[in-house]
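Both complexes below contain subunit A, partnered by subunit B and then by subunit C.
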Partner chain A sequence: MARMKFLCDAERCIECNGCVTACKNEHEVPWGVNRRRVVTLDDGVPGERSISVACMHCSDAPCAAVCPVDCFYTTDDGIVLHDKDLCIGCGYCFYACPFGAPQYPQKEAFGVRGKMDKCTFCAGGPEEDGSQAEFEKYGRNRISEGKLPLCAEMCSTKALLGGDGDMVADIYRERVLKRSSRPQTWGWGVAYKADS
Partner chain B sequence: MKLTKKRDLSPDGTTVPLKGILGSAIDRRTFLRRTSLAVGGGAVAGALQPVMMRRAEAAAGAAGGETEIRKSVCTHCSVGCGVVAEVQDGVWTGQEPDFDSPFNLGGHCAKGASVREHGHGERRLKYPMKLTGGKWKQVSWDEAINEIGDKVLDIRKRSGPDSVYWLGSAKFNNEQAYLFRKFAGLWGTNNVDHQARICHSTTVAGVANTWGYGAMTNSYNDMHNSKAMFFIGSNAAEAHPVAMQHILKGKENGAKMIVVDPRFTRTAAHADQFMRIRPGTDVPLIWGMLYHIFENGWEDKEYIRQRVFGLDEIRKEVAKWTPDEVERVCGVPGDQVKLAAQTMAENRPGTIVWCMGGTQHTIGNNNTRAYCVLQLALGNVGVSGGGANIFRGHDNVQGATDLGILSHTLPGYYGLAEGSWAHWARVWGVDIDWLKGRFDSGYMDTKGVDEEGTAGIPFANPMNSAGIPVSRWIDGVLEDSRNIDQRDNLKAMFFWGHAPNSQTRGPEMKKALETLEMVVVVDPYPTHTAVLPDRQEGMYLLPAATQFETYGSVTASNRSLQWRDKLIEPMFESLPDHTIMYKMAKKLGFADELFKNIQVNSNDEPLIEDILREINRGMWTIGYTGQSPERLKLQLLNKHTFNTTTLLAEGGPCDGEYYGLPWPCWGTPEMKHPGTPILYDTSKSVADGGLNFRARFGVEFEGKNLLAEDSYSVGAEIQDGYPEFSADMLKQLGWWDDLTADEKAAAEGKNWKTDLSGGIQRVAIAHGCAPFGNAKARAIVWTFPDRVPIHREPLYTSRRDLVDKYPTYEDRKNHYRLPTRYASIQAQDKSSEYPLILTSGRLVEYEGGGEETRSNPWLAELQQEMFAEIHPGDANDTGIRDGDWIWLEGAEGARVKVRAQITERVGRGVVFMPFHFGGWYDGKDLLDKYPEGAAPYVRGEAANTAFTYGYDSVTQMQETKCTLCKISAA
Partner chain C sequence: MAERANTTLNGRDPRRSRRILFWSLALLLLGTMTLPMTGYLVTGVNSVEAAAQQDSSSNPRSEFWRAIRGSESGVTQVKGQETDVLIQNGGQNWREIRQGPLTTYGAIALGVVILLIVIFQAVVGKAKLETRTGRTVTRWSMVDRILHWYVAILFIILAITGMATLYGREVLIPLMGKEGFAAFAAFAKPVHNYLSLFFTAGVTIMLVKWITQNIPNSSDIKWILSGGGYFDGVHRPAGFVNGGEKMWFWILFWGSVAMVGSGIFLLFPNLDWTRETMQLANIIHGISSLALIAGSIGHIYLGTIGNEGTLEGMITGEVDEAWAKQHHGLWLDEVKGAAPEVSGGAARPSPAAPEK
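Let's look at the complex of A and B:
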């Protein structure tokens, strides 16, 4: 069985934010909720590198481990999803997540958090595939349509790769060999464990 | 099966994603849901705006909601990324990656990945509007066209046709661009221009005068083959993000990447070498590199002997640029310059890329020529992996330039001479004498004589003299009319797809906008024009459709033409630009002449295909003749058959063609020329897309041969240089009888540019020859103010110590109809009052003046405030902290209020601002001056408000990359 993975090639990411607006376009998430963001390190000085960050769909997801209502589940493809009907917006997952993936609607400054929202790997949620309820809560379900996440499909420089982990690894390995330099991945080891 | 997503109405009937943050909004899916309910639910329909209701009812008839796939091309930058739209019931419901496009292979930047928002259009200009008593009032199209037309005709009567300015757009498709230039010609003026003037005009002039055509020589894809890539004044990662896909692939293939820029850009972050130059010192840097190339004998001597003219004069100038002098002027240490020179010499073929950082200077034409000379010396032009990869800006700025929305030329760079008008009059089927009568032919008898009876400025026939360029329209309004080489000042302006915040000198612009008798904006958005002036009357906003709501061809930076489908019908009351042109021409009384060869449909929409066919019949100079609508449509269906490096179709219906039939695509469509993927590439025959340098400047100069020597394209029967083809030359060569009888009749007395049958081109190519001759490229341009490209300090320079040695030009009395100042401005020392250098550039999220992209919530969220980048040292010196509001004042006193962003991205002493913001002036948000509901989500000060006087000596390109400023806490 394929395991779905994201990988951002920091040698290729140019911080164009194509992945961010592709996600907004596809899921129509509201202003202020960013399932995917581009983070730039050493901005403006030599060594500057950017990486696109979203839920990494971890092998042993820390968010799931800490969730008091156990709203997370992992699909057979290795995609980490959650049930918004169970979510109580406590924010524990936000503390647990090494990638800052969980997002909360900005309703008021000191109010209760709304239901957590995060990247679904374009795989929707527990509602029926392609249903309107699923779209409203989780966005479009591309996986059920046989498509991969739009952010990766639309990446301007093919820096962001998303899909079957074996294929992602093959593509990336070929690039690294061609560059004949050390791999400059981001997040892979943390999310998927070094040996997976 | 494709799943469609439909949702029930939420209980309150308003599922509004942006509510509470952005005011009410209706997203496209909500709209779709409502339309599907409109069948049985009158109550729901009642919630719709009137215009949407009409659309909703129309959509309701087509029940079922099958998803259709339609294809277009991104309307932002010039890479030409394919856009795939999913359309249901006429509503744009989804956007998919265009994996078949050889240009983007599915990739998009932030702008491209968000174009579906055009189908929401929440902040669009929705109806024709008129300013009445300082308030915007909705009017009908008929009312607007009638009132505007009456006023324009009145101005024509009083002040002549030159007092109306037609400012066109790089956002037009090719057919609209061509029609617009023709429109201005038939109106009787050359006061017509577009964004190319202020983006790459110095490139077009400099490069065309060096080797023939002023366009990108190779392609983005061809950079896969480069061994070295030299970027100067180009920040591709932000301005052409998808180009980076090809650039980084080239880098992974082993290419060395060098970036030269005053800023450490996001592109520089990926480079092997970065050199930070002082703004405006491109020529010294290039000559500094050539210094090492010549000193070490790294130049390609055989290539130079065969194909380059005048390099010896360059050597003399280059010899002055010792490493010490280069460091003194540019600020780049000598060993770095040498390293770059060595990298370029040892890694051939190498390509050079430049953009606005090089072009937008008073010596922009010198910069572009210096870049070309570097490539010529290395033998890098006309080879795969080499070339001058000049990245154009807007999606169709290449096409709009080619089709001549320019004040100094007609479509196809034919110029404005008698013969040029005669050529186009023949193509248009209009009487040349009638055409002459449209111009202000009486002007020369009535104007220009002062009290003493002497002429103030040289007279020129308005038909044959370059009109006022967009960079200077302000002066066309405000300058004393006695100093302008036309009857009267500009009285009315049409901003037809053009943001004024892309032009400099804010306070004067505001005054000019208030002085004009009438201002007309034709645009999908109100733009900065609508809010900048304090006016009560005399202003109209006409809603134009976007390119996703019409169809036609568009030319990418690499000269490839792509066909766009219409994705959706024009939204609200907007109309396609060519329909508006028809309505206006009809009102102004020359629609019959304008559309003589063009069918106009019952809805007043001229047939795009007919316009392209007319283009095909006239654009012989640059080979826009082979790209018929049929050929382009066939390619649209077979994008996937093209190789993503060579752009050659391998098999399939387009077998042997290059993607987009990159111009020149010689001869008639029937000739099936494949297009020219790389200009001046002699390794292929002309029939297969090969070429050599153009014989454009005569056959000899100062007694020396200008034609190529022992160099020719593969298969040429003339195995040496030769002049451009004409009927006489065919006869001399004994090839005349290769023409058919019909071709002979058409070709008699004509040349390759004016033979409407295409016979001369066909026969030349049949004998393996380039129709435009075979000459050397020239490293010197004797028709320009600086024969050899030399360094001149900017008008507002911080280096007063260099002014004596590198002074600017003398003031000129009449350049493009206007007095143009140089030395008198440079003479004022502003450097102590304004100690910092000010430069500008792009952000990836926004495009051009930014109104369209700042109205897109998916983009606007990513860049919410206008800012200036300031070096920590300068910030500390002025007591400014990161995130503070500051006043930035330009050297002419105009000021803008922006956020301070403290960063080492800029060097000490340099301040950078992005130019996409607008909707603020003098520290104030002009939100209340927009028509209701049509203000962009993000507004900010226009950077160019603070930019100052300064124009290129050849093209009137504005100087926006180097002036002076001061900053203080606000």
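Let's look at the complex of A and C:
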């Protein structure tokens, strides 16, 4: 069984924000919600690096551990999904997540947040695969169609890799050898403690 | 003599040759032990040099990644809360505390309080009111009683909805199922959030109104040292509020400050509190709330089953003189001495008045 992972090659990311746009368009994500974002470090100085980040689909997901209504589940492919019918919008997953992945459509007084939304690795939710209900709540289910996440698929420099962790690691290892650089599997140490 | 004969035979001194043998063996042994260690000397010198070199030129790239791991922020085009931070580490600490000591010790504390009450009730039993005089004195005015029950009812609703958030997953989901509990939690969360405002107003007025009569004095110390008379049956004289009640007042006072204060942060995510602030507020809210819930269980026991005649004071406002004599002797003296007509009912003596 595949173990789905994201890897952003910081030597290649050019901060075009194409992944962010592709995600928003594919899933018709509402205003104010960004399932993916690009962060640039040391902006404008030598050594500047950009990294695209979204839900990393952690092995021992902190969001799932702290959820009061236990609405998270991990698919056989290692993708962390959640059930919006159960979510009460308490915000705990956002406090716990290292990557700032959980998003809320609202943010108002008296703790009103709406149902949490986050990257699904283009794998939808608990509804029937490809159904209208699934699309409205979670966006497109590309995994069920045999496709990989759109953000990684359309990345112009192929900096963002998404797919089976072993294949992603192989591609990255080859790149590191070719350019004789040091490997930097960004975020993997935080996200994939148990099985990487 | 035989040795001597040998000596002359070989023309050599055997003692000397044995000595040579011994010392050469010893030298050999010493050499085999110490010579390989010269390697350490070489590497030792080298590593000191290497360390000196490393200090002057550490790898800038590794420093870069280490800084990101440590919640360093950058620049992003995506607007939102802390979107410029790649990894925040506070969440892990928050998770460990909330899922660990907070829930565990919280549950233990509540269990211990209930267990102690059961043991106390079984071994010592309630403080009975042996005889009733039939005459009553006014203890709680209508305003006090309304304040008390208003705060008490809201406290219980907030405690149930709050504990459902902390313990619901372990306790209620196995009973109600995920869907059932989610439906309850989706209702409990706004109830908790909106009623908290009314609770805050009530508890603030109540604490301010009752603060003067709860300032500790010397009779309280004697009362507390005697264990409140719960164990020997001898009630030390107490004023309008006894030492135990004052202890509960101050637990409620500081507990409420922490609970309400942290709750305000949690209530307004729209004010863009950082995740770190929210994590800390959540832990403080949990600890103070659980402490107050544990305390209130004790308070409810002592106010109802534990002390006969106490509850009627908070319901009707009137207490029997025998009860007043038993529990608040100094206060009864004061009431009797100051104004005999008070027993009829209107005014309550100033609790701040000096006690005899």
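Quick notes on this structure:
We adopt the following convention: the second predicted complex is superposed on the first by the 188 of 196 C-alpha atoms of A that agree within 3 Å, B and C clash if a C-alpha of one lies under 4 Å from a C-alpha of the other, contacts with A are read in each partner's own complex, and residues count from 1 in each chain.
Operating definition for what follows: contacts are C-beta pairs under 8 Å (C-beta built on N, C-alpha and C of every residue); 3 or more make two chains touch, one makes a residue touch a chain.
A quick note: this is a predicted structure, and the numbers were derived from the prediction, not measured.
Contacts of A:88 after superposition: subunit C is touched, whereas subunit B is not reached.
Look at A:150: by the touch rule set out above, it reaches subunit B but stays clear of subunit C. Of the two partner chains placed by the overlay, only subunit B lies in contact with A:30; subunit C stays clear of it. Once chain A of one complex is fitted onto chain A of the other, the partner contacts of A:96 are limited to subunit C, with no touch recorded for subunit B. Once the two complexes are overlaid on the shared chain, A:173 sits clear of subunit B and of subunit C alike.
When the two structures are aligned on the shared chain, A:70 is found in touch with subunit C, with no touch to subunit B.
By the touch criterion defined above, A:22 lies against subunit B but remains apart from subunit C after alignment on the C-alpha atoms of chain A. Within the superposed three-chain model, A:140 lies in touch with subunit B and out of touch with subunit C [touch as defined at top]. When the shared chain is aligned, no partner comes close enough to touch A:193: not subunit B, not subunit C. Within subunit A, the residues touching subunit B in one complex and subunit C in the other are 17, 20, 32, 43, 47, 49.
Against subunit A, the residues of subunit B that register as touching in their complex are 2-3, 5-8, 15, 17-18, 21-22, 27, 29, 94-97, 99, 104-114, 116-117, 237-238, 241-242, 244-245, 248, 252-253, 264, 266-267, 269-270, 274, 844-845, 857-859, 861-862, 869, 903-905.
Listed in rising order, the residues of subunit A touching subunit B in the complex are 11-12, 14-22, 24-26, 28-32, 43-50, 106, 129-130, 132-133, 135-136, 140-141, 144-145, 147, 150, 153-158, 175, 178-179.
Per the touch definition, subunit A reaches subunit C in the complex via residues 17, 20, 32, 34, 37-43, 47, 49, 51, 53, 62, 65-71, 85-92, 94-100, 103, 107-113, 182, 184, 186-187, 189-190. Looking at the complex, you find that subunit C touches subunit A at residues 60-61, 64-65, 68-69, 72-78, 80-92, 94-95, 98-99, 164-166, 168-169, 173, 178-179, 181-182, 185-186, 189-190, 193-194, 266-270, 275, 278-279, 282.
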